[in-house]
Amino acid sequence: MGGLQIPLEHVLLIASCLFSCGLAGLMLRRNLIFMLMSLEVMLNSAALAFVAAGARWGQPDGQIIFLFILSIAAAEVAVGLGLVLQIQRRFKTLDMDQANRLRG
Amino acid sequence: MAVLWLIPFLPFLSATLMLLSAGRMPRYLSAWLGVGSIGLAAVCVALVARAYLADHQVQELTLWTWMSVDNFTPRIAFRVDGLTVVMMSVITGVGFLIHLYSVEFMWEDESICRYFAYMNLFVAAMLLLVMADNLLLLYLGWEGVGACSYLLVGFWYRDPDNGRAARKAFIVTRVGDTAMALGLFLLFTELGTLDIQPLMAAANDRWQIGDTLPILATALLLGGALGKSAQLPLHTWLPDAMAGPTPVSALIHAATMVTAGVYLIARLYELFLLAPPTLAVIAWIGLLTLLLAAFTALAQKDIKRILAYSTISQIGYMFLALGVGAFASSIFHLVTHAFFKALLFLAAGAVIHCLHHEHNIFRMGGLRTRLPVVFLSFLIGSAALAALPFSSGFFSKEGILLSAWTQPGIGPWLWAGGLLGALLTSIYSFRLVFIVFFGEAQTEPDRQPGWQMAIPLMVLCVLSLVGGWFVLPLSGVLPDPGHDPVSHWVEYISIGTPLLGLTVAYLLYLGRQVSIASLMASPAGAAVQSFWYGGARIDKLYDLLLVRPFTGLTHWWRNEPVDLLYNALVWMTRWGHGRLVVLQTGELRWYATSMVFGLLLLLAIVLRDSA
Amino acid sequence: MMESLFYGASAVALLATVAALTRANAAHALIYLIVSLLAVAVLFFLMGAPFAAALEIVVYAGAIMVLFVFVIMMLNLGEAGNSREREWLAPRKWIVPGILAGILLLELVLAVRHAPDNTSGVEVPPKMVGLTLFGPYVLAVEIASLLLLTGLVGAYHIGRRFIVRRDFSRPGDNS
Amino acid sequence: MSMVVLIGLLLIGGVIAWWTERINSDWPRWVALATVCAALLYLLRITASLSLESFELVPDPHDGASWLLHLKLAWIPRFGINFELAMDGLSLLLVALTLLLGLIAIASSWSEINFKTGFFHANLLWTLAGVCGVFLALDLFLFFLFWEVMLIPMYLLIAIWGHENSGYAAMKFFIFTQFSGLLMLLSIVVLAWQGAVTNGLLSFSYFDLLGLPLEGPLAWVTMLGFFIAFTVKLPGFPFHTWLPDAHTQAPTAGSVLLAGILLKTGAYGLLRFCIPLFPDISAQFAPIAMGLGAAGVIYGAILAFGQTDFKRLVAYSSVSHMGFVLLGLYAWNTLALQGAVMQMVAHGVSTAALFTLAGSLQQRLHTRDMRQMGGLWHQAPRMGACAMFFALASLGLPGLGNFVAEFLILLGLFAVQPWLCAVAALGLISAAIYALWMMQQTFQGEPDTGRQMRDFNGREMLAMTTMIVALIGLGLYPQPVLDLVEPTLDALQQEVRSDVIRAFATTSAAQ
Amino acid sequence: MTGADFQSLSPLLILSGGAAVLMLQIAFVRSVNLTATLTTLILALAALSCVYAGQIEEQRVTPLLLADQFALLFCSLFCAAAAVTALLSHDYIQHHGDEPEEYFLLLTLSTMGACVLAYAVHVASFLLGLELLSVSLYALIAYPNKSILPLEAATKYLVLSGAASATALFGFALLYAVTGTLEFSTLGTRLGETISGQPVLIAGAAMVFAGMAFKLSIVPFHLWTPDVYDGAPSPITGYLASVAKAAVFIAVLRLFLEADLFRYQLLVELIGLMAILSMLAGNLLALLQTNIKRMLAYSSIAHIGYLLIIFMAYLTSSDRALTVEAAAYYLIAYTATTLAAFGLLTLISAQQVERENIELHHVTGLFWQRPLLAALMLVAMLSLAGIPLTAGFIAKFYLFSAAVNGQNWTLLGSLILGSGIGIYYYLRVVYYMTRRPEHQPTEPGTTQSWREFALPGALIAAILLLGTMPQALIAFLESIL
C-alpha cells in the first residue's frame, strides 16, 4: 500500500485549509461545544501535517507525534467537556458571549 | 588701635543682649543699655578722633579674614581716616542724642527693648559701613542698615500700612543694592580686589579717564547710592518710611543711613573721577531730585513727610556737590544736615509726642507759646535748613552752590537750579514753622517734653548754629577743588535767596497778604497741588508699570504653569489606558479573533519579507 | 487512481469540516466532524501511515467524538437550542471570521507553496512506529500517560458535581 | 570600615526605633535622637583621628587611596561592581550637615507625630542613612542604589504622615525622582560599558570612569541622563514641580529632610559626577544649564510671591535658591563652586529652619494658609523673631551664610556670564519681595485676639538657636567650610582640564 | 537508560512517583492536611534532588531531554515555587473547594510539566510538557466550586490555549516537513543547510512563536491574561504568572538557542516590536486598575515585554552569555516576586470566602493591621517596580546591561518609559496599604497559622537577598552558561 506520489505541498495545503476552518469556527461560534469542536479540527490539521511530513521523510516520528497529539486532544477535550457541563449548570447556557463577567 | 573694634562691637553687643532677652528685659535696663552702649561708642570715637586729629595718621585694624577663596580675600578690617572719623562722629554723636531722646519718646511703648535692640543694631551696621576697609564689608553694613531700617519702619507692625512702608523701603533700596552688587562683581572681576585702597590704586593704574569700564562700574555703584540715599528715581520709599517712630526717622532717614550713598561716592571718589559722565549724571540727578523734592515738600500736609521730602532735597544738594567734584563740600553739608535735620525731626517728634500723635500740620498751630523749647528748636533747625546766613546750613550750602557755579560749562545751570531749590527750601521750611507754631491752636498739647527730650534738642540747636564753623579733617582725604574767587554778586544772590523765600513764606502763610486758600481753590491750583501732593505721581507710575504687572503675573502663575506640561503627560497616559481597556471586553470570541489577527500580522510581515 | 482517491478524500474532509462548523444542531455537526476525521484517516492511509489511520478512526472518531456525543446527550439542548444557534449563524456574522480565516489561509498557502519535495511514498509500518515509540520516545510515552492522568483527574473533578447534581439533585436546589 | 559603621548605625538605629514602639510610643524619639547623636559623635571621632595635613591634601580623583577615607570591597565582580565608599572634605561636610539636620528634624517633629512613632523614626533614620550613603558612595552602582533607596522611606514619610493631599504629593515626588533615576541608571550602565571598551575592564568605580573620552550623541544623551536625574532632585527649572507639592504635604521632619538634605544630593551629584565625568560636553552644555539655573532663580521667586500657603512659599524659595547652585556649579570656577557648596550648606540650614517654623505654625493653628494668620508676633514674639531672622537669611542678608554663598556664586558667575549674572541678581530683589511678604502675612499685621497660641518652648528654641548660630557663623567666618572643600574642588577643577576651562570661557565670550 | 540517566532525571522521577503516591493516598485516606504536607515534601524533595542530579555531567537522556545545569536550575526553581504555592494553597483551598485533595495532585503534575519544559530539547517533550502544564492548569483554575468566575476563566483559558497549542503544533509540523527532524539542535543545523529565506520555515517559526506568545501573554496575544488571572484562585494565579510563564519562556529560549532561530532576524525584530508593545500596553492597562489581581496581570504583560528585550539584545550584543544570564536572572527574580505578590493576596483572601477579588481599598491600613504581610507586599511591589535592594532591581539592571551591550536604544527607551508608568500603580498599592484605616482595625484572622509568618518571611528574605547579594547566583549562572 501507499507508494503515493502526492506533492507535500498539497497535503500541507489541505492541512492549512482545515486549520483555517478551525480558526474560523472559533471566531464564529458562540456555543462552547462548537468551539471545542473547532479546537479538535485545528489539532487534527496539525496532526495531518505531521503525518504528511513524517511520510515525506519516511520516518515514524510524524506518526508518533500524531499519537501524542491524540492524547493531547483527549486530555483537553475531557477537561473541556467537563467545563461544558459545569457551564451549562451554572450559566444555564453555553453561549460564551454571556460568560463575560471578567473584563475591563 | 585697639579701641577701634569696640566702636561697632558695643552697640552690637547690647543689641544681641536685648534680642536674647526676648523682650523680657526691664525697660529701664533696655534704655540704659541702649543709650549707654552708644555713649560708650561715642567716647571711643572721640578717642579715635583725637588721635587722628593729632597726627592725621590713618588707623587700620584687621580682625580676621572673612573668607579666602582663590584671590578673593576680603577681611573683616577697619580703616579710619578723616572721612570715617567725620562719619563716625556724626553717627555716634547724633546717634547718642537720638537714643537719649528715644528713652522718653518710646517709654510707654511695650516693645521698648526691641526698639533699642534694632536701633543699636542699626548703629553697629552703620559704623561697619563707614569703617569698612573693603567694599564687601561695606556692603554688609550697607545691607545691614537697610534691614534695620526695614525693622524700624515696620516697628509698629500691627498696622499693615507700616509693614507696607517698611517693605517698600527695603525693596526699593534693594533694587539699588543689587546694582551695586553687580558693580562690585565688575570691579572684582576687572581689578581683582575689593579692598578700597588697592582697588582705587589699581583703577588709576589700569583705567584711563573716560574708559567704558569705570563708567559702567561707577554707574552700577551709583545705583546703590541712589537707592540708599533716596534719589531719583529710587526716592519713593523715603516719604513712606516716615511710618516708623520719629527718632528712627531722625537717625536713619535723616542723619545717617540715607547719606550712605553720599559717603560711598565720596569714599570711592578716585573711581568716580575716572568716569566724568557718571559724575555729570550724579550732578543732574542731584539737581532734579532737589527741585522735585522741594516742590513736593511744599504741597504736603504731614509734618514728617515734609521733612522727608526735605531730606531728599538736601541729599540732592549733596549729590549735586559730588557731581561737580566738590566732595568735601558734600560731606560738609552731610554733617550740617545731620545736625539740623535730626533737630527738626526730633522737634517734630516732640510736637507729635505732645499732640496725641498728630501728624497733620493743619491741625496744629499756635504751638509757639505752648511748646517753647520745641518752637525754638524748630526755628533754629528751619533756619539752618533754609540756609539763613550764619546758620550751619548756610555755610555748607553756600559751598555747594559756589562749586556748582565754577563748574565749567554746565555750572551756571546747576547753580541756578540749586538756587531755585534754596528758594523753595526756604519757603517750605518757613511754611512749616508758620503753620505749626503760629496762628490759632487747633490741638492742645497734653504734656511738655521732659529732660531726655529737651537735652538732645538743645545740643542739636547749638550744633545747628555753630556747625558751620567746624573744620572737617578732610584735607588729604578728599580733594577740595578750592574754587576760584567768584564775583561777589553771585554770593549776594546766594545769601539773599533764603531771605527771599522767608519773605514769600511769610506773605503766603502768615501775613495773609496773598490768599493761598483761593489759589488752591482754582482748578489749575488744585491740579498742581494734587500733582505735587502725590509726589509728582511717580509712585503711581511705578505702581502701574512695575507693581501691578508683577502681582498680576504672580497671581496668574500661582498654580504652577509648568505643571500643565506634566499634566498633559498624565492625561496622555490616561487616554492610552482608556483606549486600551475597552479592548478587554471579556468576550471569548473577540479574544480569539484578536489572536488570529495577531497571527495574521506576524505571518504577513515575515512572509512579505521572505517572498 | 490513488491520487484521485487522495484528492477525493481531501475534498470530503474539507467539506465535512465546513459543514460541521456551520451546523446549528450539535449532533449533526458531530456526525459531519466524524466524517471529516474518517476522510483524514483515509489520507493517512494513503500516505503510508496505516497505524495513524487506524488510531484516527479508533481513538479520534471512536473515542473522543463519543465523549462529545455523551455530553450532547446529557445536556439535551433540544430544538430551542438549534433555533438560537441558527440565529447566531446569520450570514453577516460570518463576514469577519471568514475574511480573517481567508487571509490566514492565503498566507499559509503562500508559505507552503514551495515546500520542497513530494512525499516519499514509503510506508512506515506500525512495527517501526512501535519500536521508535518505545525506543527513543519512551519517556514521552510516560509523560503522555501523565497527561492523560491529568485529563482524567481534571475532568473528573470538574464534571463530577454535574453528574451528582443531576442524578441525586436535592430538593430546592436549583442553582 | 568606619563609613560602613556610620551608615549601619543609622540603619540599625531605625530598626531599634521601630521595635521600641512596642514598649512605649515615646521611646522611638529618644532612640532616634540617641542614634543620630551617636552617629555625630562617631563622625567627630573619625574626623579627629585623621591628621590635619590630610585635610589639605588634594585628593586624586583617580586614586581613592589619597582620600581621607577609602573602602573598597568586592560586591558583584560580574559587573565590576564594588562596595566602594570614600570620603573627602566635601563628603565630610555634607555628611555632617545631614546628621545635624537629622537632629533638627527629630526635634522639630517631637510633638507633632503621634501616629506610629516607631515606624516614623525608623523611616527618618533610614532616609539619613541613605543620604549619607549617597554622599559617600564612589561606585556608581552603589551610588545609584543609595540614591534610590533613600527615596522609599522619604516616600513613606510623606505618604503616611503627610497632610491632606499627601498621596498625590508623595506619588508625584516618587515618580519624578524615580523616573529620572531610571535615566541615570541607563547613563551609568552606558558609561560603564564605554569604560569597558576604553579600559578593557568593566567597572562602575568613579575612579576608573573619570576621564573617559566621550564624544558624539550617545555621550550627550548619557550626560543628560545624569543631568536630568540630578536636576530633578535639585530641583532645577522645569523639573521642579514635584517639590512644592512634596514640601507642602510632608510632615515637618519630612520637609526639613527634603529641603535640607535631599535637594543637596542633586547638587552633589552634579558636582561630583555629572560635570567631571563629561567635562567637554558639560562645557558646551553650560550655557543651557546656567540658563535653566537663572530661570529657576527668577521663576521660583515669582511663584513664591504668589503663594498663600506658607510651606509652598518656602518650597518655591528653595527652587529659587537652588537655581543659584546650578548657576554656580556650571560657572565652574573656584569662586562659584565654593559659593555653590556654601549655598548647599546655608540653604540647608535656613530652609530647614523655615520648615520647622511652618510645622510649628501648622501644629498650633492647624492651617498653613497665610491669609488666616497675621499678627502672630504679638502672641509669639520668639517665633516671630526667629521667622524674621530666617526670612532675612533667606533673602540673602550679608553677615549670614546665604549671603556668602550667593555672593560667591554671582561673583564667580560674573566672570563667565555677566548678563546671566545680572538676570540672576534680579532674584535677590524678588527674594526680598517674597520673604518680607511672608513676614507681613504671618507675623505682622493686626493680631487675631481670639486666637490662643503658644510660643516656642525650650526645645524648639534650642533647635532654632542652633541654626541661627550656624548661619551667623557661616556668614561671618565661613573659612572652615571653604577650607574643608577646597582640596576637593581643586582636584575636580584639575580633572576638568584647562582646555575645557578655556572652552567655558569662550562660550561665555560668545554670549 | 543508565544510572546516570536516572540520576540526571531524578526531579522528574520524584515528581511522577510523587503523583502516584498522592493518588494512592487520596484513594485510601482523604485528608487535606496529609495531602498538602505530602505534596510539599515531594516538591521540596524534587527541588533538592536537582542538586543531586547536578553532580553529574551534562547528560542527553534520549533525544527528548537534555539534563544540563540550566535545566536543573529551573527545575529546582519550579519545584520550590510549587512548594510555596502548595503551602499557600493550604488554607485557601480548604475554604474554596470541596474535595481539595486532587488540587495538590494536579499541582504536582503541572510542576512536572514545567520541569519537562525545562529539560525539553525536542518537539515531543516540548509539546507534552507544555500540555501537561496547561491541562492541569485548566483544572486548577476551575477548581473552586463556590464561584462561577473560575469556571469562566478556565473556559477562556482552555479554548484560547488550545488554539495556541494547535498553532504552535502546526508551526512545528511545517518546520518538520522541510527539515525532517524534531530535535532542536539538529533542527538548527538543518535550518542552516537549507536554502535560507524559505518562506515556509520562517512561517513555521513564526507560528511556533505565536503559539508561545499567547502562553506568555505578549501583545497582541494578551487579552486573555487579566480575565484568567482574575478568575483563577489566587495561589494558582501566582503559579500561572510565575512558574507557567517561566517554564514556557525557558523552553522558548532553549528552542531559539538550540535551533538558532535567531537567524531569522526579521522574526527577532518583530519580537522586539512586540516587546515594546507589551511594555507600553501592559503598563498603560495596569495604570488605573483597582483590582489588584488584574493589575498584576497587566503588569505581568509588561514584565514579559521587558524580558523579551533579551531576544533583540542577543542578536546585537557582543556578549551573548550576558543576555542569557539576564534572562535567567530575571526569571528567577520575577518568579520570587510574583509568588510573593500573589501569595499575599492568597493569605488575605484565604479567610474571605465570599470575596475572591481584592480591590485596592481592601488593603487599606493593612500595614498597621498585619505588618508582615504588608511588608511582603511592599517588598514585592518595589521589586516589581525595580527599586534597588530588591531582586527586581538587579534583574532590571541585568536587562539594562544586556540591552546597552546590544545597543538596543529603542527598547531601552520603552523600558524606561514603561517602568516610569509602572511606578505609579505599584506605589499606589503601597499607598493604600499605609493609609490609616478609616475604621477600627478588624480582628486579625483567627486562624493565623505558622505559614502566615514563615512564608512571607522567607519570601521577603529571598527577594532581598537576591537584590543585595546577587553575586552567588550570578556566579552560578555564569558558570553554567
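Some observations on this one:
Note that the chains take the letters A, B, C, D and E in the order they are written out, and that residue 1 is the start of every chain.
As a working rule, contacts are C-beta pairs under 8 Å (C-beta built on N, C-alpha and C of every residue); 3 or more make two chains touch, one makes a residue touch a chain.
Note that the structure is a prediction, hence the values are computed from the model and not measured.
Under the contact definition, chain B and chain D share the contacting chains E.
Fewest steps needed to get from chain B to chain E, stepping only to touching chains, is 1.
Set against the Cα centre of chain E, the chain with the most distant centre is B. When chain centres are defined as mean Cα coordinates, B lies farthest from chain A.
Inter-chain contacts peak for the pair A-C. Remark: the per-chain Cα centre closest to the mean position of all protein Cα atoms belongs to D. The centroid of the Cα atoms in chain C and the matching centroid in chain E are 31 Å apart.
Mean C-alpha position of chain A lies 26 Å from that of chain E. Measuring from the averaged C-alpha position of chain C to that of chain D gives a distance of 70 Å.
Centroids built from CA atoms put chain D at 65 Å from chain A. Each of residues 96-97, 100-101, 104, 107-108, 110-116, 137, 140, 144, 147, 150-151, 154-158, 161 in chain C touches at least two other chains.
For chain B, the set of residues that touch two or more other chains comprises 581, 584, 586, 588, 592-593, 596-597, 599, 603, 607, 611. The residues of chain D never reach two or more other chains; the list is empty.
All chain pairs that count as touching, in label order, are A-B, A-C, A-E, B-C, B-D, B-E, C-E, D-E. Of all residues in chain D, only 75-79, 115-116, 141, 144-145, 148-149, 152, 155-156, 159-160, 167, 170-171, 174-175, 178-179, 182-183, 185-186, 189-190, 193 touch chain E in the complex they form.
Residues 593, 596-597, 599-600, 603-604, 607, 611 of chain B are the ones that touch chain C when the two sit in their complex. Every residue of chain C that touches chain E in the complex is listed here, in rising order: 107-108, 110-116, 136-140, 142-144, 146-147, 149-151, 153-158, 161. Put simply, chain A touches chain E in their complex at residues 8, 12, 15, 19, 22-23, 26, 32, 35-36, 38-39, 42-43, 45-47, 49-50, 52-54, 56-57, 59, 61-62, 64-65, 68-69, 72, 75-76, 79-80, 82-83, 86-87, 90-91, 96, 99-104. Remark: chain B residues 581, 584-589, 592-593, 596 touch chain A in the complex.
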